[in-house]
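Okay, got some structures for you below.
Okay, so subunit A shows up in both of these, paired with subunit B first and subunit C after.
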Partner chain A sequence: MGTLPTPDSGLSSEEVEHVARLARLGLTADEVTRYRDQLRSILAYIDQLNRADTSKILATAHPLDERTVMRDDVPQPCLPVEAVLRNAPSTEDGYFKVKAIQE
Partner chain B sequence: MTQFWRPIHELHQMLVDREISAVELTDAILAQVDAVDEKTRAYLLVTRDLAHRQARAADERLRAKRDLRPLTGIPMAIKDVLCIDGVAATAGSRILEGFVPPYSATVVERLAADGAVFLGKTNCDEFAMGSSNENSGYWPVHNPWQLDRVPGGSSGGSAAAVAAGEAVAALGSDTGGSIRQPAALTGIVGVKPTYGRVSRYGLIAFASSLDQVGPMTLDVRDAATVLQAIAGHDPRDSTSSPRPVPDYFEHLAEGVKGLRLGVPKEYFVDGMEPEVEAAIRAAIRLYERQGAHIEEVSLPNSRYALPAYYIIAPAEASSNLARYDGIRYGRQAGRGRNLIEEYQATRQDGFGNEVKRRIMLGTYALSSGYYDAYYLKAQKVRTLVVEDFARAFKKVDVLISATSPTVAFPLGAKTQDPLAMYLNDVLTLPGNLGNVCGISIPCGLANGLPIGLQVIAPGFREDLMLRVAYAFEAATEFHRRRAPLVSVGA
Partner chain C sequence: MAIATRYQAVIGLEVHAQILTHSKMFCGCSTDYLTAPPNANTCPVCLALPGSLPVINRKAVEATIRTALALNCEIPEFTKFDRKNYFYPDLPKGYQISQYDLPLSRNGRLEFEVNGEPRRCGITRVHLEEDTGKLLHAGEIHRAQSSLVNLNRAGVPLMEIVGEPDLRSADEAREYFTRLRAILQYAGINNGDMESGQLRCDANVSIRPEGSTTYGTKVEIKNMNSFRSVHRAIEFEIERQVQVLESGGALVQETRGWNDPKGVTVSQRSKEYAHDYRYFPEPDLPPLVVTRGWVEEIRRTLPELPAARRARFVSQFELSIYDATLLTSSKTVADFFEQAVRADGGAPPKAVANWILGDLSRIRGTEAWDTAGAPLSPAHLAQLIRLIDSGTISGKMGKDLLGQAVASGKAPQDLVAEQGLSQVTGEDQLGAWVDQVIAENAKSSQDFKGGKPQALGFLVGQVMKLSKGRANPERVNALLRERLGPGPPNG
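== the complex of A and B ==
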């Protein structure tokens, strides 16, 4: 192998905060530290994958032989709007209601 | 209670002979729930009214001898990751509190059409992430064999319910061992079917290339019965296989004489308890006496399965769990000043520790600069695991091993160490990556705690898997042992 960058197990708090932002996950300062330390040890464990020679191996993204299954485009009944909106915390005029996208 | 503490096939005969009505049977099992669930905490929700409606309908079918199926009138529990139309579903997470799905999972529809009775939704690790049920967002489940022990996970509620007589059978889901490992730890039978054998429509997704729904039952025949009912193509799940489903009873009792049983040498792992190893060796000797050819085989890439799994499953989970944003369902934090803050606050409040950890791990593994080093690398290693199984199955018909290296451990023993917890699944998760099918059956007790024997068969050979498991069961009494809690409650 040798061509892959060495996965970085010296994960920083800033990287943890960046990943949390990507995941839209609010974390407290304590959680940032805790997840940084836990992810470091999990990633250090996962680094042993680099010992497996996969230079000539194709990736398995999915277990099935079947690929790109097609079917006829037949209209089917769908859920009524009320049933779909019933679980939403906030709705208006038959729509989901969200907070401002920009301040 | 004890008179109804029986497998499906016996209760079916009693129902058909009108020795007992479906309503009486349902009431008897609900009485057991009332007596012992405060100890096991197996259920998140008991659906008494639904159960009674279904039991009355089953009794009409039984009286008229119309559309009788093996599951007609049989009280079952459903893991809370499967949707039942009009019944609250949480997936063990606070973020889904209050969610009432407007449709049913295909497996649920199939059981309902056969006349099964739904007793309720069973507890599980949050979004099925865990091996002890301690990651439930509600409360932990206790092992009926010893209440200070975990039942395994993530289908720990389903396992405990069946093991404590709180359901005749249950559905679970298995992404890395979540049916087989709790089945082993509670002394019942659990099946992870081949990916594609059972529809995932209406299953709340964890890792979409690994998840499968399967039966958790008192014995192998019951597992065959439930699998027969739920297996098969579903037009609503394009990853469900169009292959025909064989009759799982046709060759069930044909035994193992002449079959080649492989014993993967890597599956006697470091840290395996000596009692577990002894029980597996004894099972191997029993198969040998029955005329099977035993052969040691090697799955050399097994050591990479766990690290590969802990990239692939969290990566898929981080993507699947992006949908929990507090907009369309579930609870909303309400304190964000704008949409992004609202997402962050909702997910901060709603997700538990393990789910957050895996979202972080998965998002990191998929993020720019790390994708090739982690996710692509793990998918390539997955190919090595697939090839290991393919090579082994050229030499042998099935593989046998322990299901879990240990018996049930005390609650709290591993909650501070995520890696130690992940190691519980070291013998089951290669099967999810390699897309074979696997079953766990009871094969002994160590200090009063059950030990599970795993039989792994090639993809779509559930028939062979069940046949080999049944040969062991038919020659032993382990599946008749009941958790001591049951006699206390009965």
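== the complex of A and C ==
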């Protein structure tokens, strides 16, 4: 999150649009303003948290204490292809069909 | 060319290797994505259905640690997975589970040689992630209206080996990659097949003035699908960058795709926000604690690695370093060699090496043995060598027989018996052939007696022809000299 500004500098509408584009969200001008103000207040709170001294505390990798959960390499049954494709808006010959994507 | 004196190339390779587990990285779906019908090997986890949760495949973690140990990496005690965000239909979650700041391993090195000179390349890290699904574009990609998505490959365990920018030429890059591939084979990760995508390689290439210590503008090359294309693409790219700078231009940091038929790299339109991956810790996976005991357990499963095996081939079998290097750069070939030497009855190591690197590799290039197998069994090669060594057949017949053994799959011994190919060493039969040839070639016989040594070779050839190749040429030579007198000294 290093690219985001501190609340002091204020989150700009352009930055909200940038983040929205990364998340593939189409926002109206009103929404951009509304989310900008909401995000500003969230960032202000984060900034408050940032002032706490955490120099002697390791970064939290996970909120739970659980560690090293693994499974054996044993294949399990998969879903039937009909079930896999049931909710797909478009399919062809067992494939999901999507709008052509050009890199 | 200017490059040798004025510019230095700086190259780092990023290698992806699929891990040949039975089930996927985070779910129990089969990893057999090549033969299964489209989307048949998918489940709620790899389809990213709501409410599904990933569980780590222990074997994939162990394979990664094993590789990291073979590459002299440090294995930290604490490691975790992260989400790498990107939207593309080949991964339905909208992110790839990968590793960001706390990978399974780091700070390794790989040693190799270029033209007999030792080289070393640092290994930044070896980490674990998941492969993506495959997109099928109907017709030409730029005109296709739709893409078809097959998620059988989505979630297959994928290891990424990031090398330091320590390589200085296309040759060095190729040797490094060849050695790395051998280590992956030896560690049982995969067969090193680039065509099927088991093994993939991207290269970061930049150039800088000779003597400079800062890096130039880096270009990433993708889409190299063979060892040859890795070498060609890097060579092309270095030369292209030199020409841009020499003509007063500036290089841009970009991704370029290798176009193999045209032999050029082509700028790929960069996705606008492609590198804004916004990694964050994967909340669905608890971190891993890699105990030292576990690491030692994995270390014990490491096989003899290529460098050690090569040294053993030199000391145990008295092979040249050159032959030993060629034989051990593929585990399949090295195994074949040892099996032939140790086959029932055995065969001399030097002869086995010569046949593998000579006639056998002409029938099928050794790099294809990993996927297609050796052209014949090691036991049959050993048998063929013994047939020649014992004088049963001549060396030339051995070469013919090799082709037949490969084509028919029959044992060389059976082929010799079937076709009555055994070399004739009996004096009666040989003597009769020799007498006939002397009688029919009176002029050559006189020439030999009269001081033309080359006439003897002609006569031996005639006997061989008469015997359909079955006469033992040394015996024929001796018998001719007996009949015609010693003749002139050989010369």
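Keep in mind that, in the parts below, the second predicted complex is superposed on the first by the 89 of 103 C-alpha atoms of A that agree within 3 Å, B and C clash if a C-alpha of one lies under 4 Å from a C-alpha of the other, contacts with A are read in each partner's own complex, and residues count from 1 in each chain.
In this section, contacts are C-beta pairs under 8 Å (C-beta built on N, C-alpha and C of every residue); 3 or more make two chains touch, one makes a residue touch a chain.
Please read these numbers as outputs of a predicted model, since none were measured by experiment.
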> Thinking of the overlay built on chain A, is A:Pro89 touched by subunit B (first), by subunit C (second), by both, or by neither?
Replying inline: first
> If you stack the two complexes on chain A, which partner ends up touching A:Ala29: first (subunit B), second (subunit C), both, or neither?
Replying inline: neither
>> Tell me the contact category for A:Ile101 with respect to subunit B and subunit C: first, second, both or neither.
In response: both
> Of the partners subunit B and subunit C, which touch A:Asp73 in the superposed model: first, second, both, neither?
Replying inline: second
> Among the partners subunit B and subunit C, which is in contact with a greater number of residues of subunit A?
Replying inline: B
>> Between subunit B and subunit C, whom does A:Val81 touch in the aligned arrangement: first, second, both, or neither?
In response: second
> Which of the two partners, first being subunit B and second being subunit C, lies in contact with A:Gln38: first, second, both, or neither?
Replying inline: first
> Where does A:His62 make contact in the superposed view: on subunit B (first), on subunit C (second), on both, or on neither?
Replying inline: both
> Which positions of subunit A sit in both the subunit B and the subunit C interface?
Replying inline: 22, 24, 61-64, 66, 69, 71, 79, 84, 90, 96, 98-103
> Which part of subunit B faces subunit A closely enough to touch in the complex?
Replying inline: 98-100, 102-103, 195-196, 209, 235, 238-239, 241-242, 301, 303-304, 307-308, 310-311, 318, 322, 325-332, 334, 336-345, 347-348, 351, 356-357, 359-361, 363-364, 367, 369-370, 372-374, 376-384, 386, 418-419, 433, 435, 459
> Where on subunit C does subunit A make contact in their complex?
Replying inline: 21-23, 27-30, 37-44, 47, 55-61, 78, 80, 85, 87-89, 102, 135-137, 141-142, 144-151, 268-269, 271, 273, 276, 278, 281, 283, 285-289
>> Per the contact definition, I'd like the list of subunit A residues that touch subunit B in the complex.
In response: 4-8, 11, 15-16, 19-20, 22-27, 31, 35, 38-39, 41-43, 45-52, 54, 57-64, 66, 69, 71, 79, 83-84, 86-90, 96, 98-103
> So in the complex, which bits of subunit A are touching subunit C?
Replying inline: 1, 18, 21-22, 24, 61-64, 66-79, 81, 84-85, 90, 92-103
